[in-house]
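You will see two complexes here that share chain A, one where it goes with chain B and one where it goes with chain C.
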Partner chain A sequence: MMASTKTWTARRPTRMAGILICGLLIVAAWAALTLDPLSQDLMKALEPPSLAHPLGTDHLGRDVLARVVHAAPRSLGIALVCVTGAAGLGIALGLVAAYAGRLADICIMRLCDLLLALPGILLALLLAGFLGGGIIPMLIGIKVALWPQFTRMSRSVALGVLNEPHVEAARLAGFPAHTILLRHVLPPVLRQTVCLASLGTGAAVMSISALGFLGLGLKPPTPEWGSMTSELIPYLADAPVQMAAPCVAIFLTVLTVSVLGEFVLARRTRLPR
Partner chain B sequence: MTPSSACALHVADLVIRAPAGTAVVSKVSFALGRGQSLVVIGETGSGKSLIAQALLGLLPAGFSAEGTIRIGDGLPINAGCADALKSLWAREIAFVPQEPSLALDPTAAVGRQLSQNVSPARSAEALAAVDLPSDIFRFHPFRLSGGMAQRVLFATALASEASLVVADEPTKGLDADRVRIAIDLLKRLLRDGRSLFVVTHDPAVAEAFPQGTVVVLHDGVIVEAGPAAQVLAAPTHRYTKTWVEAHPARWPQLGSRKCRMPAVLEVSDLAFAYRGQRPLFERLTFSVSRGSVTAVVGPSGSGKSTLGDVVLGLKQPSSGRVRWGDTLAHEDRRELRRWRQRYQKLHQDPASTFLPDRPLGRQLEDLKEVCSAQGFDARLSLVLDRLKLRKVLLDRFADEISGGEVQRIAIARLLMLQPALIVADEPTSRLDPIVQREVLTLLREIVDQDGLGLMLISHDDALVRAVADTTVRIKCQNVDS
Partner chain C sequence: MSVSEARLLWAVAAPRLWQALITGWLLATLCFALTHALPGDVALRVAAARIGDDRVTAEAAERIRQEEGLGLSVLTQYGTWMMRLAQGDLGRSLVTGTPVLAEITNHGRYTLVLGTVGWLLSYLIALPLGFWAGCWPGGVVDRLSMGFAVVLASLPTFLVGIGLISAFALTLHWLPPAGFKTGAHMVLPALTLALGLAAYSMRIVRNAVVEVRQAFYLTFARIRGHSSVGAFLHHGVRNAAIPIVTFAALQFAYLVDGFVIVETLFNYPGLGDLLVRSLLARDVPVVVGAALLIGWTYALINLAADLACLKLDPRRSMREAA
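For the complex of A and B:
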């Protein structure tokens, strides 16, 4: 108990800083929601930050702050849906592969190998294109590209846990398979996959932009972090702030997801000693 | 005999504090003569391992030490000064760690690990001194058996110039043969002129050095100290008396009543082999009847634990039959499921049989899902009373209570399932002698009162003689050393 109290106090400054940053971001976003993310003014293209445009303007003279803020629900929403879906599917299949015997293991893991052998973005592209473009096919494509890594990781963690004496004791006591998987195996698997999920969020945002760029996801004028980044690459030297803004947004998202994930797990389970 | 010339180690007023500030070890002083041995015995959690760690400057994070330590002819060192103590490693003080297979670097050949600080000639000499062939020099640790790895570790102590060797529980979790090897190696260090500081809960180690000193630690205080032969033969303090009495060889005969009861387990002509390997055991035939204890003994690696798993239906035998009452355990899956709960296992490391992040009480209540919920709470409190388990323990986690308490909670969990047979796989090899005696006496009582069968897997002959009615001996079939 001592050790855990100590860790909690030691972590407090970071947490305070996190809450502060979140608060500031929310206030800024509130103010920026009144701005129009689509209105162009080519005369004012690539202007550096000023009072009128706190993060400057992009190559079409659109306000970058307004675009970053308006993109947030879309980029975040799609990324989180993709990652939770992929993580759920991946972890479930990983547990089944670890528990259900050789045949299931071989089928699931070879499918994983097959999908992992293809570059993730290519797979998402193929699927989204095959299904006809639009948001839903894009979601499916990205999910399919993301789940195998969750399966690989959760299977290997689960195989280790299944060998532990507490699982054997539960089996001998006659607990059904789903109880063993949910109560004994899932918590350590979640602990290990949270970090993978937060990294996956960043990857998903970038995939959305790549698909958007190819006309398979969100169409160009729609503000969205990934496409904002790729649009501004040619102007990196002239407009570093405008380019950095969506990158920082993605970075903060990944950071927040990983901190939040760890926080939730720490509340549910005991902190490691 | 002035202390300055005759002392290998002199510790004065050593106090070790836990992170909360409470003194775990208070005002401990002792001296160890050159070429002598000093064995610290005491219960688990009495702080004896902390003393060894403090000597090496290796206290766990948050712990602090006060007092003075003088090693050899050096100046007295403040015990709180970990870096000063660490600077003496290999030159003045050597350490023999607990788990040989974990203590060697798996990526480097033995020779390289041995010759890190000393000349190859000297390390070759040290290897020869522990009866290892010189080929071992080129071997990587994975090619060594447990016993060989242990010899290599002692060779590192022999190769160093250190006059003082510290060994922390050198026999923990080892079978009888390996315990003998370890004691033999310790004696060799002594013959080589080194001084020995040994922390142990194993009576065999304490008795192996009758000429040396024994220090008995209880609740962080030295309750008795003196020449080993005298302390062990005529203990004066209450705790030491119980400790000496707790040696299995001194137990009254607990078992061997002759009345015949129906068998709960019959094993006939059983064999088990891992694929493509020689069988671990063959042609085993024995039975366990109600209200009796059958012991399974054999050296490590002989397949005792595997036999337990086969008997419980966890592993498929290569041939032969396992009969649970009227049921053939490996042939009828539906019957197996029906009887599953009544054939249970008691593990070696009880803490690991509970989820680490769920309070123990919750885990006992989880059993409602698998056995009749009717009258569950009443039955649970009966069982807890019977095992003398206080209710407060149930709010704790498995790593927060003592080994003996977790093992009793594990027994409580088994009793809630009303088993017909318990396979106890080395249930006490990680407990100190007094707790071991408590747990085994309790198990024997349960067997007698409830009329269940117990298959006791053990490597300790004295313990088996005291507890078991019949003994099954597995011979070692494929162990090289």
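For the complex of A and C:
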């Protein structure tokens, strides 16, 4: 355990790089949000990078930089909604499972096992496929795949905390269940699940782009990294920069999010118990 | 095999088999619910899938409504649907008219080969690298492989695939970019899968090796005079293998994620390609068949991993028997 907590993530350079990339992305995004991601100009299709179009144009003559940047808040926003929703539901059910007795525990944990027994992408694929793409099926699909992990972790943390003397004392002093759960159990659970949430955000960004790539995500012409990539595959040899741009955006986003998560993890494990 | 061993095996296998059954039921119900939750007339949609959007008439839809019993109550339809599935009748594809069973086994074969090759390849990468990194934690190999793993884990599968295509197919012309005719067509998709899997398994192997090397029983074996290699072979390998085998089964989930994308990208005629195409075409019976096959394989692989761990770890079989 000690060896794994003192990995490279606890050292400075990567952390600084993560923060730097994060800052750069935000500044660049701010500047480029003024560009129009939808206006087409077929005469200027697949142009290489120039001053007017720093990352070139795609097969319909749309500015790739504008599209990459406009996709960012959408992807991240959906990912964050998924993760907060999944975390809220997962933690709430985890606390109930830990506190409310055997029957609730068995029901909730069996449901978790069942959902974890399905490959996560399968649910998202089925929902998105049947309901015809768009935001809502994607939200539900990714959320359903994510919440059992939160439930498992928060339940096991809560079970540990509930056995501690200060919680026992609070119970004996006659505090109601919700006070004990909110004041004594929730804070340590939240501390443990922060890292899971950051990993989940990265996973959600990847799932969104994967669905987009398969043509089951956000509807075109909405700029989205995954669908931008799959649209440009036929022009791979002619438009390498345009192709690489959304890919690099996904990569940097997922990397940044996971580095931030590891940073939180490193901070947390340094704290005295 | 003695009676107690058989009972133990059953104790491990039974929950997984239940899980497989319930998974199948859940998937089938989900698909049924989703088809009926869609706005519009189911009969019209089936008719459109069978005879083409532009030739659908009210009579054709009516005929299909009669044939398929779509006019009955939802509960009756659900009952007949479940009865048919329970008897192994998956129906026919709405688009091609071939039986679904034939379709999914045909495509499933390709995916089985691709998945197995990719999975083996990933351990060909992960075992040596992870072992090396675990023997010298904090060393150059450890740090390099960690960086490699973090970068790979942040890359979406299709990006790895596109990178490999542009390097080995478009620039170097060593391998064909897509499709499936010869064995060479499988190298790039399998490698794409393997890299994505190895990003995680490398770290698991490394941590397992580090943990075993720090364990007291290994020090004790060294004190008793075993060589370090002999001690590791005798006491280390099995202990290190337990988390690795468990994780190898868990990786099937990533594998599903991976092969759906990889097959679409490389135009490889497997189950993922079939699933995506039939989802886009709203070919419900094929979607259900493919989803059931994937879900059940996942449950069976988990069962196999449980049994393998039982063989590797006699302590566990004693605990379970108690």
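The rule is simple: the second predicted complex is superposed on the first by the 158 of 273 C-alpha atoms of A that agree within 3 Å, B and C clash if a C-alpha of one lies under 4 Å from a C-alpha of the other, contacts with A are read in each partner's own complex, and residues count from 1 in each chain.
Assume a residue touches a chain if its C-beta (ideal position, glycine included) is under 8 Å from a C-beta of that chain, and two chains touch if they have at least 3 such contacts.
Keep in mind it's a predicted model, so treat the numbers as computed, not measured.
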- Of the partners chain B and chain C, which touch A:Ile91 in the superposed model: first, second, both, neither? neither
- Dominant toucher of chain A (residue count), chain B or chain C: C
- Message: With both complexes superposed on chain A, which partner does A:Thr179 reach: first (chain B), second (chain C), both or neither?
- Response: first
- Have a look at where A:Ala169 lands relative to chain B and chain C in the superposition and call it first, second, both or neither. first
- Message: Output check: A:Ala71 vs chain B and chain C. Expected answer is one of first, second, both, neither. What do you get?
- Response: neither
- With the two complexes superposed on chain A, say which partner A:Leu146 touches: chain B (first), chain C (second), both, or neither. neither
- Task: May I ask you to decide whether A:Val83 touches chain B, chain C, both, or neither, giving the answer as first, second, both or neither?
- Result: neither
- Message: Just to be sure I follow: which residues of chain A are touched by chain B in one complex and then by chain C in the other one?
- Response: 3
- Task: Report the residues of chain A in contact with chain B in the complex, numbered from low to high.
- Result: 1-3, 6, 164-166, 168-169, 171-175, 179, 183-184, 187, 269-270
- Item | Residue ranges of chain A in contact with chain C within the complex | 3-4, 7-8, 113-114, 117-123, 125-131, 202, 206, 209-210, 213-216, 226, 229-230, 233, 236-237, 240, 243, 247, 250-251, 254-255, 258
- Query: Inside the complex, what are the residues of chain C that reach chain A?
  - Reply: 19, 22-23, 26-27, 30-31, 34-35, 37-38, 137, 143, 146-147, 150-151, 153-159, 162, 165-166, 170, 207, 210, 214, 252-253, 256-257, 260-261, 264-265, 275-276, 279-280, 282, 287, 291, 294-295, 298-299, 302
- Of chain B, residues touching chain A in the complex: 19-20, 62, 312, 314, 337, 340-341, 343-345, 347, 349, 352-358, 366-367, 369-371, 397, 400, 410, 413, 417
